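Alright, structures below, take your time with them.
First chain A sits with chain B, and in the next complex the same chain sits with chain C.
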Partner chain A sequence: MLSKSYTLQTGPFTVSLESSISLVKNYIQQHYSSCMTNTSDDHFIDYHLGVHHGPLYRRLLAPQAEFRLNHRVPFKPLPLSQAHAMFEWGLNWTITSSANQYFIIHAAVLEKNGQAIIISAAPGSGKSTLSAYLATQGWRLLSDELALIDPVTMQVYGTGRPINLKNQSIELMKNYYPEADFSPIAKDTHKGEVCLLKAPEASIANSHTPATPSLLLFVQYTPDEKCHIEKVPPAKSLIEIISNTFNFGLLNQLGFDIAKKLINNTQAYYLEYNSFSLARDAIDSVMKSPRGLQ
Partner chain B sequence: MKLIELLAQPQKGVALKLKVWSQIIREARYHNMLAQLYFLYQHNQLAQQLPSVIQATLRSSKYPYDNQKQQLGYEAEKLASQLSQINVSPVFLKGSAYQLLEISSFKGRIMADIDLLIPQEQLVRSEELLLKQGWVPKQVSNYDDKFYREWSQEIPPMRHSQTGIELDVHFNIFPIILKSSPSPEKLLAHAQPIDKCPGARSLTPAAMAYHSAIHLFFESEFHKGLRDLYDLKLLFEQFGCDTFWEDFIQLDKELPHGGCIFLALTYTSSLLGTAIPESVLSHYSKYKLPTLFQKLVDRSFEELFTSYYPEHRSWFHKIAKNLLFWRGHLKRMPAHRLLLHLSSKFFKNLSSKEDSLEELFP
Partner chain C sequence: MVESTLTEPFDLVLNEQFSLENCSFFDEHDAVIFSSLTQETLLCTLPVLVFLENLNEHGNISEALRLLPSEHIYVKELLNQLVQMRILTPRYN
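For the complex of A and B:
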């Protein structure tokens, strides 16, 4: 199969991807169509990735996809049907393990009027789903996975990449997004069923534009709670941020300084919800009142 | 443009296009040398002249290095103090020595493990102590254990059960199976205490460079070749005063394998632009091989040192790799032994699942 290469602009990074797998090629053409950059320019490329077929004998029995980073294979291969998801996971891993010019929080980021909310939560608590919903309600999605804080400007960057929907969230979001934005479903992954939802055009077009963090939100989807929001004391939100930051320990003193600044510059809330619209209203009212809800 | 050219002449990087820098950064990442590149530009005060995206990318590699340095430094100090309680004064070798000595030009050098030299008669009690302190020996077959202890120069590698740091304990400099292998006392006579780390010793500068050269040119695989050759450049440039070179010539009278030293001097000078005094070069040139043979060796090493990165490899790469693979093994083992070893490994591997060239030699 013919190998194709793409140069993608994703947030502050330029990534080159080479793939011989048609699932990946179709996925990139559909989901990253607005991220392609002109390779003839004198451009710095941050990372060189590849997603390729496994060995030939495997292709006949149980076909596999292999992720490559800079001529090395950092992970074991996955079933071919997960190749597009593997590219996303591989790119996340690449960024979190080497982009130490940023303070990298495992969190979603959305922006309105230059003000950003950073939504941090344990996996499975509805972070991506809520972000996908808010992105249809006037918020610009910067990322549903990685919040990149610049240590000097304290601005937050996202990557404007597709949203990771899992299991039931996939059906739920079909009410809000056109069918074409949903990737083929990767079945039986370590996270269950995974579908990648194309980020809204505005997110992609402005993916290199940072925002100022103003709200830290810790969310939990709770089936029997419509909407409950409460303030989180600074010490507690500091601990939450630290435990959700990939390179906190690595950045050492600098990491602590950034975490502290972030806490001082923002309000922090805890949100339990099962209603999208009530959650949206609660977030909007917190953002409007400069000192937050009393 | 190859990474080795910037290591030799960092000022060349100032005028490079971003596209070329992408390739350089890629190659440096491949060799795990990005942090060294960062400190090289800091050290030469050229960093400010680089494009900001390059500065930021180089700087991002500093944090993992700082972290590792702190961790390994702490572990090395602990090892030295624990071993000194049973009257063993370990000699730190290679990367861990450069770090404990705080040689500024070695900033950014990533280490895979801690290397120690412990005299053979102190080995049993040292191993007992290390076991008690949580250092777990790698699981090896009886045959491999015998290979390590009776034929090579080190015991099977150990790994700390909590930190995951690897420890290589050497009891000799050369594989002991070689007839020409001198007793390690000769090199231990050139050990000196490390001021900042009580109980620890390092080799004197000349002996340190001598050992690093022997180590590199006894290798049979060169995935770390560029890093190791660059180490030699840094050692020669850091310490290269008159007394250093006098000691360096003196060592040739005490230790064998001057041929390795000849290669080290030749390649640091030809590939990395290191200035080697004429007198030293002419002293060691007696180890030059017959012209044709030397040319083949030179061409092979040049290929592996300058073009190991997959995109730089030439048609000659595989040949060079194989030639130097066999050269390395024949240096470490007499031919008849090597044949016995390979056939024994071959039959053992028939029954095992994984089989690769690398695993033939633990």
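For the complex of A and C:
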């Protein structure tokens, strides 16, 4: 099986990927076709990644895929059918453990008219699903997973990468996106069923363009409750943002300074939602009001 | 002077490396205290911030403690937490 190499421009990062796995090669062709770039030999590559077949003796019975960063294998291999998802998880891990020029929040980021919302939530709270929906409603998706804040400009960057859908949200989003944008489903992962949804073309094309954070949103999908939005006081927002920041401990005092600036520059809200359109309307009303809802 | 399970009596003072100005944040109701020595944060009520300000200004914990609610357990837990975060440090007599 021949290896194929790709150079991908994803937000502020240039990533080199080599893979010998058909599933990964097809996935990259389908989901990253607009991110591929030709680089000269002297172009700086941020990360050299690989996703390859696991040990030879496993190939007949339970074939595996392994992720490589700079030719090293930082994780245990996963089933071959999860190889494309493994690339995404591996790239997330690579960025969060090394891109310390940014304050990195576990959050989705979307932008409209230059104003960004940062959606922070615990896993399984509906963050990616809501982001995927908003991206069909005039919002530009910067990321469904990582908000990268520049400490100097306080602008937020994303990566324009595929959206990580899980379990029931996969079927839900088929009402909004063409079938071809969905990757094969990776089953029995540690997150259940995972499907990667291609980011909208406009998001990919502008993935290098940052935005100014103006709204912090803490979300929770609650199917049995009415849509409800309320202000979160600054001190509580600060604690929440810090607890969702990957490199807060490493940035230390600088991290605390950035988190304080972010809170001072934004409004923070808690949103419970059971309907996409009501959630969208609630977000729009907050964004339109210069001082937020009182 | 603070009683503890330690055999020696001691006072608590603010750690010299702790800067209240750089390591605190507050709104109308709550405050956040950050320790750059342990990278921990504490969400607390405003009187805790006033307590630290007074301790910073006067260096006298007995005086500063008067500002805190009087529930013994609350104060003891709070002081323990601030010691763990290395914001307060014991000064043995």
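Structural remarks
Note that in this section the second predicted complex is superposed on the first by the 292 of 294 C-alpha atoms of A that agree within 3 Å, B and C clash if a C-alpha of one lies under 4 Å from a C-alpha of the other, contacts with A are read in each partner's own complex, and residues count from 1 in each chain.
Just so we're on the same page, a residue touches a chain if its C-beta (ideal position, glycine included) is under 8 Å from a C-beta of that chain, and two chains touch if they have at least 3 such contacts.
Everything numeric here is computed off the predicted structure, so don't read it as measured data.
More residues of chain A are in touch with B than with the other of chain B and chain C. By the touch criterion defined above, A:M36 lies against neither chain B nor chain C after alignment on the C-alpha atoms of chain A. In the superposition on chain A, A:G249 makes contact with both chain B and chain C.
In the superposition on chain A, contact of A:A122 is made with neither chain B nor chain C. By the touch criterion defined above, A:S98 reaches chain B but does not reach chain C.
In the superposition on chain A, A:V73 makes contact with neither chain B nor chain C. Using the contact criterion defined above for the overlaid structures, shared-chain residue A:F44 touches chain B, although it does not reach chain C.
In the superposed model, A:P234 lies in contact with chain C only, and not with chain B. In the superposed model, A:A202 lies in contact with neither chain B nor chain C.
Residues 249, 252 of chain A lie at the contact with chain B in one complex and at the contact with chain C in the other. Chain A meets chain B in the complex at residues 42-46, 48, 70-72, 98-101, 247, 249-252, 254.
Residue ranges on chain A touching chain C, taken from their complex, read 233-236, 238-239, 242, 248-249, 252-253, 256-257, 260, 263. Touching chain A in their complex are the following residues of chain C: 22-23, 25-32, 34, 36, 39, 41, 43.
By the touch rule above, chain B contacts chain A in their complex via residues 17-19, 21-22, 26, 29-30, 51, 53-54, 56-57, 59-64, 66-67, 309-311.
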